[in-house]
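Both complexes shown next keep subunit A, but they swap its partner, so subunit B is in the first and subunit C is in the second.
Let's turn to the complex of A and B:
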């Protein structure tokens, strides 16, 4: 069986994000493998370590630097990696990226696709659902627990009103939520080994975006920042008034 | 495309949800801007209430699970040649909308905070990079499938006249691809779901343990008629369940009032709550980042302050 984990290179959460003439500039920290995608890599590895006979392939569409995060996935334990090179501006949007990825996943003949519940760069939760739709497969989104019995999957995920247990058959798409599988740190020997693992790099086919970003601006909402003072009881009384009236 | 704007009216117990009323508000504005009719899609239990807000409601049978809404909405879009499909960016809405966009060959405007028309095209602002960058996104394919960020739009007022309701037959196999819901563990007690709550009380690392949630956060949430939230640190420590987590990897909320206890305010957490109405923060560290993002701040140990606040609320 084949598990494809779709990963993305995103700015580190400590990075400073600035908008400059409609372009987003990231400074002050490195780029890294998206934290929620990382849960997907870890889950695939744990299923294999639990006795599942599976090849784990890390797949990405992105700029050439995305190779670094694919090496991270390889250092964690993925068997091989594949990068379809395209600048984000050329791919255009998440649906276009999903289409490129879905074609690659079909070529791979994957049985299970794992990816993050939400990618931290675009704050988008659309990739998993769009992949599932392109492939015509069932989807478990925001998954905290995953069990495989032959080709039957049981997944616990976060629904609107709380946890839900879903059952479906492979092939399927599963998006991750924190709690699914805490990722391991790659060890130094595994980082060295990852350098020799196969990483296939090719240009992505032309993308077909359905949206166009026509402007970008920094988002910041100014707050009143009123600090209370006085005795603990005075502050509690004043805060109770504020909370009752819903206004500072 | 000059077909109507369709809006999904989700709800339960016979009433549209708060998030659905916000989606109706956004959809109404879009329909006016495009100069097209506004129509709703609702299950039988909500359709009667939905007609108070909408001139026309398509009554549908509830699909077998949340993903089944993909087939229902795609069929409704096709039947009505709708120019846009609008739904709230709840967990299920966020998962259904991309599928509807792919299935109908349309565009996806995800988690928008504004919605407008520009020369016949649907345009919306959304927030990226942990909500720190505002992007203006224009749909270049039709229909535009839009999810509205929870709390970003004013809920719709009832319309002057009640609309009509008509049945819309379901597509042949709304369950495909097949998923069975084996079990749902609903939110405990009478507390409202996080995204629907007008008040959210959140606890963080500064509370020190699960006991403090039971002793202070839950009673404060109950006293204020709100829901309980938790930070990633509190969830990772096992003090609260994952589905209460607010932030980048958890839920996004925008209640009228957000009260945090012992929350320092990491950027990942802020991205899940910084569109709330009134933000009130209580933390012992005067340098905590949360105080730069709140309307009212109290520098105090949450353990000492929470009982005083509970007492003051009961006065």
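Let's turn to the complex of A and C:
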């Protein structure tokens, strides 16, 4: 069987993010593999290590230097990787991104797709559902536990009212939630071996976005930065009032 | 890095000095990554080197750094660490894959040292000794049998190694060693005492240097520590490197087969091993130095004094600027040192200059940080004093500062002044 883990590159936690003329610019730091996508890679590796006869393929759409996060997936243990090169601005929106990915996933003949429940940068949770929609496959989102029995899947995911257990058949899309599988550190020998694993790089076909971003602005939230005075009791009373009525 | 053009601040009349309870407007200090790589060395490392550095950083910062203060205070080197380091592939970074190493560049090995030493110099000492002083001589001077017997086990951390050159009365002058070896049939019999030996009581194997009674030449041996007559005990009175195991070795007529002898004659064999370790130290100390700068920046930004965060004070900024600048120059030096080693063009003079200068920069940074943290700077709740105290050892071991000074003097003038 074949497991495709869809990964993205996101700015490192120490990135400096600046908004310049309606454009978001990231500087001062490297990019890294999105932590929630990493859960997906880890889950795939654990299923394979648990005895599942599976090829694990890391797949991404992004600019050429997305190659580095695919190498991270390979260093963790993925068998090979594929990069469809396209600038984020040209891909446009998540639906167009999902369409590009879905075509590649079909081409791969994947049985199971794993990807992050939410993106660390744009905070969007739409990619997994959009992939499932384009592929016409069942979706388990926010998954905390995943089991395979032949082609039958049992997944526990975070529903609005609490954990739900879903059962469905492959092929399917599963998005991750913290708790699914704590990712391993890529080891140094595996980082060196990853260099020799196949990483296929090709231009992405033209994307077909359905929306057009015409401007961006940073959200600014000023903190009140107020210090409370008086006795502890007075401070506690004032704090309770502020919490109840707002800081204004 | 953001372009921060200096603008003269609006003077605040002292009568209207803000109350210490009023928080100052939020400043935007540089991030740790920006501080640590001002000249974009990242662009010069290979993708694998960057990935190795980042993986080790994540491991060290998550698994080691939060505990280093406590381990140091308690004087323990946790027993699980060698295997954990081995699983990460941090032992024998530049040793070929065929012998269980990662097969990475010397520069990558240097970067690993730097990340590990950001947690504690004692942790880096373990990595240095295992990789540079035990695995490297076995790889370079050992027979194929010795390589196969030891290197894979040393790489996984299943086996621990130590290096015995220094003696109670022979430190900077290793030629004055009194440990002797004598050929008896197919064996060599070794007798003597070695001191200041990292990992000595934990070691399964020791690289021992001894003077041949017959030829008068220094020879090196791979000595299994379970051989009869081998005994080790720990030095327990250290006020520095408390996280590291430091021992004294006693060899009381230990017999080892000739097959365990390293294929090198003279003190140059031992010195060539030291060159490997010193190379790693030139990178490693930068980790400790930058850790103290990072800690000081955070501490001072959160600590108001005379109405504003201490980071806004001129005397404080002068120290921070010196720390940053000196450690940055050290990083540039280490980068070039790494590439010279990768190209096979490195010399002992390069290594001496880099070890001496980078240890000085890191030690000075740690001393500044200790001072800037005030009373808190003398506790083990913070890293400054621990790093400072460790770096005093690093300044002394692997070629004392004075010895490297004289190596540079000799290279410059052609006159040995030891």
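Here is the rule we use: the second predicted complex is superposed on the first by the 243 of 248 C-alpha atoms of A that agree within 3 Å, B and C clash if a C-alpha of one lies under 4 Å from a C-alpha of the other, contacts with A are read in each partner's own complex, and residues count from 1 in each chain.
One rule holds in what follows: a contact is a pair of C-beta atoms (placed from the backbone, for glycine too) under 8 Å apart; a residue touches a chain by one contact, two chains touch by 3 or more.
The structure presented is a predicted model; accordingly, all values stated were derived computationally and were not measured.
*Asks:* Should the superposition on subunit A be reported as showing a clash between subunit B and subunit C, or a fit?
*Replies:* They fit: once the shared chain is superposed, the two partners occupy separate space.
*Asks:* Please indicate which partner A:211 is in contact with in the superposed arrangement: first for subunit B, second for subunit C, both, or neither.
*Replies:* First partner only, subunit B.
*Asks:* Residues of subunit A touched: more by subunit B or subunit C?
*Replies:* Partner with more touched residues of subunit A: B.
*Asks:* Touching A:195 in the superposition: subunit B (first), subunit C (second), both, neither?
*Replies:* second
*Asks:* Regarding the shared-chain residue A:225, is it in contact with subunit B (first), subunit C (second), both, or neither?
*Replies:* After superposition on chain A, A:225 lies in contact with both partners, subunit B and subunit C.
*Asks:* Once the structures are superposed on A, label A:31 by its partner contacts, choosing first (subunit B), second (subunit C), both or neither.
*Replies:* After superposing on A, A:31 lies clear of both subunit B and subunit C.
*Asks:* Nearest CA pair across subunit B and subunit C in the overlay: distance in Å?
*Replies:* 5
*Asks:* Overlap of the subunit B and subunit C footprints on subunit A, residue-wise?
*Replies:* After superposing on chain A, subunit A residues 225, 227 contact both subunit B and subunit C.
*Asks:* Using the touch definition up top, name the residues of subunit C that touch subunit A in the complex.
*Replies:* Residues of subunit C touching subunit A: 1-2, 21-23, 31-34, 42, 47-48, 50-52, 54-56, 58-59, 87-90, 93, 97, 101-104, 108, 112.
*Asks:* In the complex formed with subunit A, which residues of subunit B make contact?
*Replies:* It comes out as residues 65-67, 70, 90-92, 94-99, 101-103, 106-111, 123, 126-141, 177-187, 193, 195, 199, 224, 232, 235-236, 241-243, 245, 248-251, 256-257, 259, 267-268, 271, 274-275, 277-280, 291-300, 304-305, 308-309, 311-313, 315.
*Asks:* Which residues of subunit A touch subunit B in their complex?
*Replies:* 11, 13, 17, 19, 24, 35-36, 93-95, 98, 117-118, 120-130, 132-134, 136-142, 144, 154, 158-169, 177-179, 209-221, 223-228, 232-233, 235-237, 239-240, 242-244, 246-248
*Asks:* If we count contacts the way the header does, which residues on subunit A are in touch with subunit C in the complex?
*Replies:* On the subunit A side, the touching residues are 12, 14, 16, 28-30, 32, 67-68, 71-72, 75, 185-192, 194-195, 225, 227, 229.
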